[in-house]
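Right, one structure below, let's go through it.
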Amino acid sequence: MKWKISEHQPGRRRFMRLLGRAIVYAGAALVSVGLMGRRGLAAAIPALSTTGYDWTKHRWGFGVDATRCIGCLRCVEACKTENGVARDAHHFRTWVERYVYLKGEKKPRVDSQQDPGNITASGSEKEYRFDNRYQDAKIEKAFFVPKLCNQCEHPPCVQVCPVGATFRTPDGVVLIDHNYCIGCQYCVQACPYGVRLFNHEHGVTDKCTWCYHRITRGLKPACVEVCPTNARIFGDQNDPESPISKFIRENRTRVLKPEMGTSPNVFYVGLDKEVM
Amino acid sequence: MVAFGAAAYAAKVFFTDPSFYAYGPYRGDSVAEIASDKPLYKGPDYCETCHAERYAQWSKSGHYRPEAGKVVMCETCHGPAGGRDKRGLFDHVASGVDHPASGKLPVPADTVKLCSLCHEKMPGRPAIQRQIEVNAHAGGQACTVCHNAHSPKIAVAAVSKSAKPGDVAAGKQKAARCAGCHGADGVSGNPAWPSLAGLQEAYLVNALKAYQTGARQDPMMAGLVKGLSDADIEQLAAYYAGLKCK
Amino acid sequence: MEALLHAARYTGYVYPNETIILWGILIVIYPYITGIVAGSFTVATFYHVFGVPRFKPVARFALLTSLAFMIFVPVPLLLHLGHPERALNVMLTPHLTSAFAAFGFFAAFYVILVMLEIWFAYREDIVAMARDRKGLLRQFYRALTLGSDEISATTRAYDAKWLKALAITGIVGAHGLHGYVGFVFGSLKSREWWGSDLMPAIFLVSAIISGISILIVLYVLTSRFRKTPIDGACMKGLAYLLWGFLIFAMVLEFLEFANIVYKGREGIDTVMALIAGPLWFGVWVLQVGGSVMAFFILTYVIWRGTQDKHLVVGVTVSAVLVLLAVLAMRWNVVIGGQELSKTMQGLLVYVPPVWGREGVLIVATIFALPFGMLWGLTRLFPPWVPNQGQLPEK
């Protein structure tokens, strides 16, 4: 094959023939793919077709009443048990923060389950409790705030996933495909709330799914189930009589970091200006 | 270059999972996989099927007040009733053996540790939550010395293990050996030993049990309660509770 | 695996999931390497596209440098992934809203392009070596000639045209390859330290200066090794290039930082605590100090018209300072961004492990390997004619 630039005529004709054939093959490939196409938004998830769960009919929502939370951390335990989260102090699908304003201080002191004092109080990194370091202190104000994935309407984590391993379902939950995730951890960096974590054992990212395997069966998420004080509320926003619809209707709710534009679906009552 | 592009696209189609793009830019099969995991927590209604008595007791107690939004369910303290095969959740496991087939659920041993998770007096806990200073409360004894976790309020005397008719009479018989110190009618003549007449039934049961386990220490009582069965204790308690105090 | 998890120490409050810093020094070295790829290609472009004659001595060498580092670009990424065997998922089903998805395509496109460009730049030498060498190497060069061993005025013109076209396309390729990294960080709203409109530009310009600097250092070292004189005009040209782009980089970085400070959003105290605390050495000494020092040395050298040995020393020292400054900048962005908690009320401290996948030893090896590859490439494709230090016609 010569690279001469003279004697165009035969070369050009050959080239055009080659081009023509290439276009035909490419066209055929594209058409066949196009025919496969999208199957459209299936109403039922095949595996749950027997239960008749239709994900287009629900719009799940979560409520947190921070005025009721007593910081017992049964939710943290239950979540780790139900979802097989690593039993240490660095991987949480949900956690509870304690805010304490001491008298005379303008800023609250905040701690959570990774605090060494709390780890000592619970006995190990496998168990969870708050220590009572403030029992003799002069307290201005103190409260607990549970945190979990906000299942945002416009999730930045979904936006940045390079392979499409995380996605939002029509019923409002952001899920992770653990068999497709490549473990780049970009989504963990992108979440403004710090709710995504990397599971080092499996090399994939993980996060709270509102116990998707439970809610699609008509159960409540594990944390909601075990909470003894009704600080966590769950329900279908499409049903006006569901606990969450009532919660939103009867309270002045707010969300975390609204300025981020993520439109979270976890609605808080009882937050304070310093809750981050 | 066009041929290369076509080949690349064909490769993409060939290697990509067929369920990809089914519902969006992700693998459609993963939704079913994620939803197929077996739930572990079953809820109190599942426990009721076998533990109806306990359920009945609990559902009348302070640990079940749904109108106030306070429900401490069984699995919160005993752990989940459901079992999942011991593979990580990332394998999306749909099978497993549940309780009772999987064995007994743990009964928490260190009750101070467990109960104080909710009931330790701590800044930040709303006042409506009943809280105690753990070390100053009953000398730091195990909570179950006085409280029944399934019916924690002590004042409610009706809530003890099923008191059967005939208990009082049987108790009276067994109480003969107690009269020596505690008096014939449960009224003690000696300040060294307390009167028992009219004391709450549940309290007496707990106290006798505490002597048995050693949670309450007394060298004389320890020896005396050794041979008592649960039924004996119930009967003695029923008898003394019914006596008039002076 | 669990034993190698290091939970970072922290002050203030951080979210529990943040206590393990995920993007470590592997992700610091990755933009450093791609930066060198982009930067050295830019120098080659100044000769091949803009036809600046004084860069001839380093032009072909710059292309080899670009390729040598390019080959090792995927290594830190693959080592970092939780599932490297699924890495091709990015090419199979790229999620088009993600900056990361661009990587596979830019990388593939660029590596082929730079190989093609090297082929065109070296074609005459390949033909000559196919004729002169013996044994296995001869077969290698013969295969590379792709069946054409014609050297004439027509082919020279043809080669030159292709070279120019590839070099122009290569600008897009190389700069896209590194620019997207800036976008990876700059587009995130979750971290104040990262989210900035200027981030892609900052990354790109600092990439260019790192590329220029490494060429300066390598050119001086290889000339010493080959015992050939260093071309003064080339050195001066590189000094000008470095000086110009360095000013650009310093201005952009200053603007970005000034913006953060001036806007003083919530959490600004923690930002200031970050650069006064865990990051002070990397920011003030290495990045700012190094850049400013390099700027002053270069200004002096250019203004005073320094020649010969003093020129070489001055420019080389500046180049080394810039290399350190750019490495520090990568660290400050990647690690610093994660040390500043998303709560904006806490700071963590990252201590890189020595062993393990994200360890210092692995990273040092990854950075050393391209130099070995470069040495091999210069043996296969000598950028300078072996005898008399003469430059080839190209």
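General remarks:
Chains: A, B and C, in written order; residue numbering restarts at 1 for each.
One rule holds in what follows: a residue touches a chain if its C-beta (ideal position, glycine included) is under 8 Å from a C-beta of that chain, and two chains touch if they have at least 3 such contacts.
Please read all numbers here as calculations on a predicted model, not as lab measurements.
Simply put, of A-B and B-C, more C-beta pairs touch at A-B.
The central chain here, found by comparing per-chain C-alpha centres with the mean of all protein C-alpha atoms, is A.
Using the mean of the Cα atoms as each chain's centre, the chain most removed from chain A is C. Chain A and chain C, compared by their mean Cα positions, are separated by 35 Å. Mean C-alpha positions place chain A and chain B at a centre distance of 32 Å. In whole angstrom, the spacing between the mean C-alpha positions of chain B and chain C is 63.
Touching two or more other chains at once are residues 164-165, 180, 199, 201-202, 204 of chain A.
In chain C, the residues touching two or more other chains are 92-93, 95. Shared contact sites, meaning residues of chain B that touch two or more other chains, fall at 20, 25. If you check the complex, the residues on chain B that touch chain C are 12, 15-16, 20, 25. By the touch rule above, chain C contacts chain B in their complex via residues 88, 91-93, 95-96. Against chain A, in their complex, chain B makes its touches with residues 2-3, 5-6, 9-10, 13, 17, 20-28, 30-41, 43, 63, 69-73, 75-76, 79-80, 88-90, 92, 117-118, 120-126, 129, 133. The touching residues of chain C, counted against chain A in their complex, run 1-2, 5, 7, 12-20, 22-23, 77, 80-84, 86-87, 89-90, 92-95, 97-101, 103, 146-148, 150, 154-155, 158, 184, 187-191, 338, 342-345.
Considering their complex, residues 1-6, 89-92, 95, 97, 110-114, 147, 156, 159-165, 180-186, 188-205, 260-261, 276 of chain A touch chain C.
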